[in-house]
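Order as written gives the chain letters A, B, C and D; numbering starts at 1 within each chain.
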């Protein structure tokens, strides 16, 4: 990180003020500090609103006197998560600053229920920074899953891919700068408009944005993007954000891990088969009434602990 | 307010903690304190995120290096408001606790872009509190505007209306309580389910909720509900909230007053007529090309300062 | 239904035009026809966009050439539903006209992702129609579930409840009409503004609206409101709408029944216990690591077929 | 367009069915037919729901009996538009198929209130098609507006820019194809995963999507993107869509042109100055109370017809 940025963060972190708002010391300790992700990316928390107690407070407005005696806070949060009572989680809000490659940003932005301010390449000039994968991430196309990765590339093929990614990004950026002619390297040229020149950049160029969302929508994002089926390049952001959520709302985060991230949904058919099995019957795909594909999914996610671990591991 | 509630507020306000988040002393001074609205209602701020500087910070992420030198913070906020660059305002968030009559809640909830936790009459029992208008608010149906108010009712008619409102609300609540039979007033009865008994209540019964939204959506709400065309019973809430916004983000609030609340939109036709007038021509409805209705609106909102003041007054 | 309405429906249904849009004859046969719900309510389809094939078409834009060979339409729709690939379902849209009691409308409107135009009692006068439950729906408050129903009330208690509901609704409406004085029953009175008079109505008064949503959001609505835990008075609407969805998009509707309505989600802990059981171990609440409440839910939803049927039955 | 696509469109257009839904012959005539935009892009309507009458129908549900006599359909639509009564416009829905450069798609997707299915480069392979501007669109960076265009580049500079754009896009695509090695051009290589290889493409590569939205949100999109301040490369799409809206809902489209596209919003200060001018006073920036920037905007948008035309022209 550039010294100027480090100084700005140090300054932001030194401005301590008293507040009577809900405050989470564990998250305060992280505020503004970037967690580095990929080769030039980062994610950091800029601001937050609410805590575990704010979820409980909102639930108790809904349920009124009824809840006060009965349930303890953690139990109530777990109950809300288990039964998908989602609105109390919407009462917490968090704002991130993220630096990420454009092709990751394109996936991320599909989550529509967030507030976003992105660096505008129409207005300003992007930095000369591109994502080049580490070699162990240079995976082949999976042969069984059209949107998955297979074995890691090796030797000449890997070297060739890395060279192409690097050279193309560098050349495209150099031409972007030349077209802009901002420093009037060539005084005879006017320089192309920024809103046009940007189209010459490659999709691994880094951009950045402020991204603000509530805890319910964040959990939805994390359930998709911290999942093992998510593309590695977005999953690492989700995993970094998950550690921030752990610090912020520990009870809600644990409930999310138990009832969402690690959960499995059984169809009516799967449930029926499971009950036959529990009653001692041997059930095969042929006698299950499931399609081959569904049976495979059922076997992997429910029956086979090792397969399931593998599936959720990395 | 009940002593128990006063104690709870005093306790909440005494829990002071250090934070490095943006903090607004003027709003901290208001936190948790209810502003009373109507006869039993209130609105109070429970939590907030961001300040005027957070709007500027988000705008500068978007516009990058370009903006830093040029514009001062207030000027930038006014520019954003004037040009409807709305996303930076979405970076501020606020959470209210509101107590309000059900018929007002039904209007309010039509603003869909907010997070809500409402007291559940399916789960708990509503309090014995109803909105009964002050006599000066007992307006007749407007004869010119189907959704407006005319002159204030007087004498016997007013007294009759107040008596009906009071008696019907009281009787319906008494029967609600009787059907519930929660205190087993009558041990022979089982008591009707809460989710059913509530249907006997009148629409002026008070409910309450937590309502959280971002500043952009709040301004949209206020532009409709703090407007003179809004129904009085929701406008008083909007006006109370406006004073909180003034304390919270003074620069954005002023820009909102100048460019939204006090603004007038001219159609292409109105603009053409206005230019003819500025060039010295006398234009009438007949020569304006506008319909009678549009001409009336144009006259009232643009030409006649007194009419316009009247329109935006009360 | 009034003859005027019947004539309007007949007229709407007689206006047949050619179209090259996707068209579903089974739903065309239902268009405009109200399905009666509760004592005075109804739901009817006014318009729709898309069909099962439109879901497939959208998925294939996303997945490109890849999907064409592999999957048949129904298989692809089931795959999308099972894996919560929700965006293709958003490509179908449906518009309903619903007449419903206000307390049901208040629950319904909490689903924010829909377009709504409700009859305005600020602008117009509501009809003299209230929901009075059938006696078999007059349930006592559940003693185990704070938002559930217990046994049906009987004898004098039931009769007393029905009398109170009827009398209070009638009296409140009569006073509403008197305050309005629209027919100038009493020429000496001005008549109270409609936006005020409405507050005297009880929550079982009927309102109506146009409600338009996409298929994904409709499925979310139905998963909550066609569920056995939903309040009876909204569930009957959801069930009526489900029959319309069956006619409209039969493959998606069946996938929804199998993978959403009839599905059960297992937490990480439940899954671990299940695997121990499948391996032959006897697991009790004490050895399960689950809380008593969670164990009860697990037993009812997974282990006990009869309990589960009961739970999802009515 | 490829013969296969032409055949698919012809087939889609030949499947005529009877419907009792609102149908718009002028839009039916356009259905499926692509309007070509930029060098390889297009936009076409795939499906629609509703028409001008559906807007009126929804408004009348809201306003009830009150509206029936008074207003004619077009007058009511104009009234709704003028007063920003937006919900009736939400009752119409339209679905487009769009092919567009990625940098345009990134701008477009910021409109969050739409349903989208985009071609997935994680799953499938993008076509070898890039946007290369026509020479008259190769504008220099504006010297007065950071996100605007200045004079058109000429001679060697223009030729140089075009060569760079073409060569870089071609080379990046060739390397993308080589990394994928899908045809096993080089049988010794495994081929890089699609989700990784795509990062080597330039931002002028074409993508495509289905994009579905309601008429209110579409008008919001068009008010920003059919405006003269929008970037040319997205404005041409907005203009093509505007012609489709003209065919679909002619009364709403005309009201939108009059009260939104061609409208100007005056701040409280501008309105006060205008009234002084109409009263015969000569007002200058110094005596106006406006900042220099605001005065310039006021002069250009309100006072100077030619400036205003220029501003809204092209």
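Assume contacts are C-beta pairs under 8 Å (C-beta built on N, C-alpha and C of every residue); 3 or more make two chains touch, one makes a residue touch a chain.
Source: prediction; values computed, not measured.
> Which neighbours do subunit B and subunit C have in common?
A, D
> Give the chain pair, either A-D or A-C, that is connected by more C-beta contacts.
Counting C-beta pairs in contact for A-C and A-D gives the edge to A-D.
> Approximately how many whole Å separate the CA-defined centres of subunit C and subunit D?
Centre separation, subunit C to subunit D: 35 Å.
> Please compute the C-alpha centroid of subunit A, do the same for subunit C, then give the distance between them in whole Å.
Result: the chain centres lie 33 Å from each other.
> Using mean CA coordinates as chain centres, what's the gap between subunit A and subunit D in Å?
Taking the mean C-alpha position of each chain, the two centres sit 30 Å apart.
> Do you know which subunit A residues sit against two or more other chains?
Within subunit A, the residues that touch at least two other chains are 63, 66, 116, 120, 123-124, 146.
> In their complex, what parts of subunit D are in touch with subunit C?
12-23, 25, 28, 31-32, 47-50, 54, 57-59, 61-66, 87-88, 90-91, 93, 95, 97, 115-120, 123-125, 208-210, 212, 214
> Which residues of subunit B touch subunit C in their complex?
Against subunit C, the touching part of subunit B is residues 101-103, 106-107, 109-110, 112-113, 116, 120, 122-124, 131, 133, 137-142, 146-151, 153, 157, 160-161, 164-165, 168-169, 171-172, 175, 178-180, 188-196, 198-204, 231.
> Mind listing the subunit A positions that touch subunit C in their complex?
Listed in rising order, the residues are 63, 66, 75, 78-79, 82, 146, 257-259, 261-269, 271, 274-275, 277-278, 291, 293-294, 297, 302-303, 305, 308.
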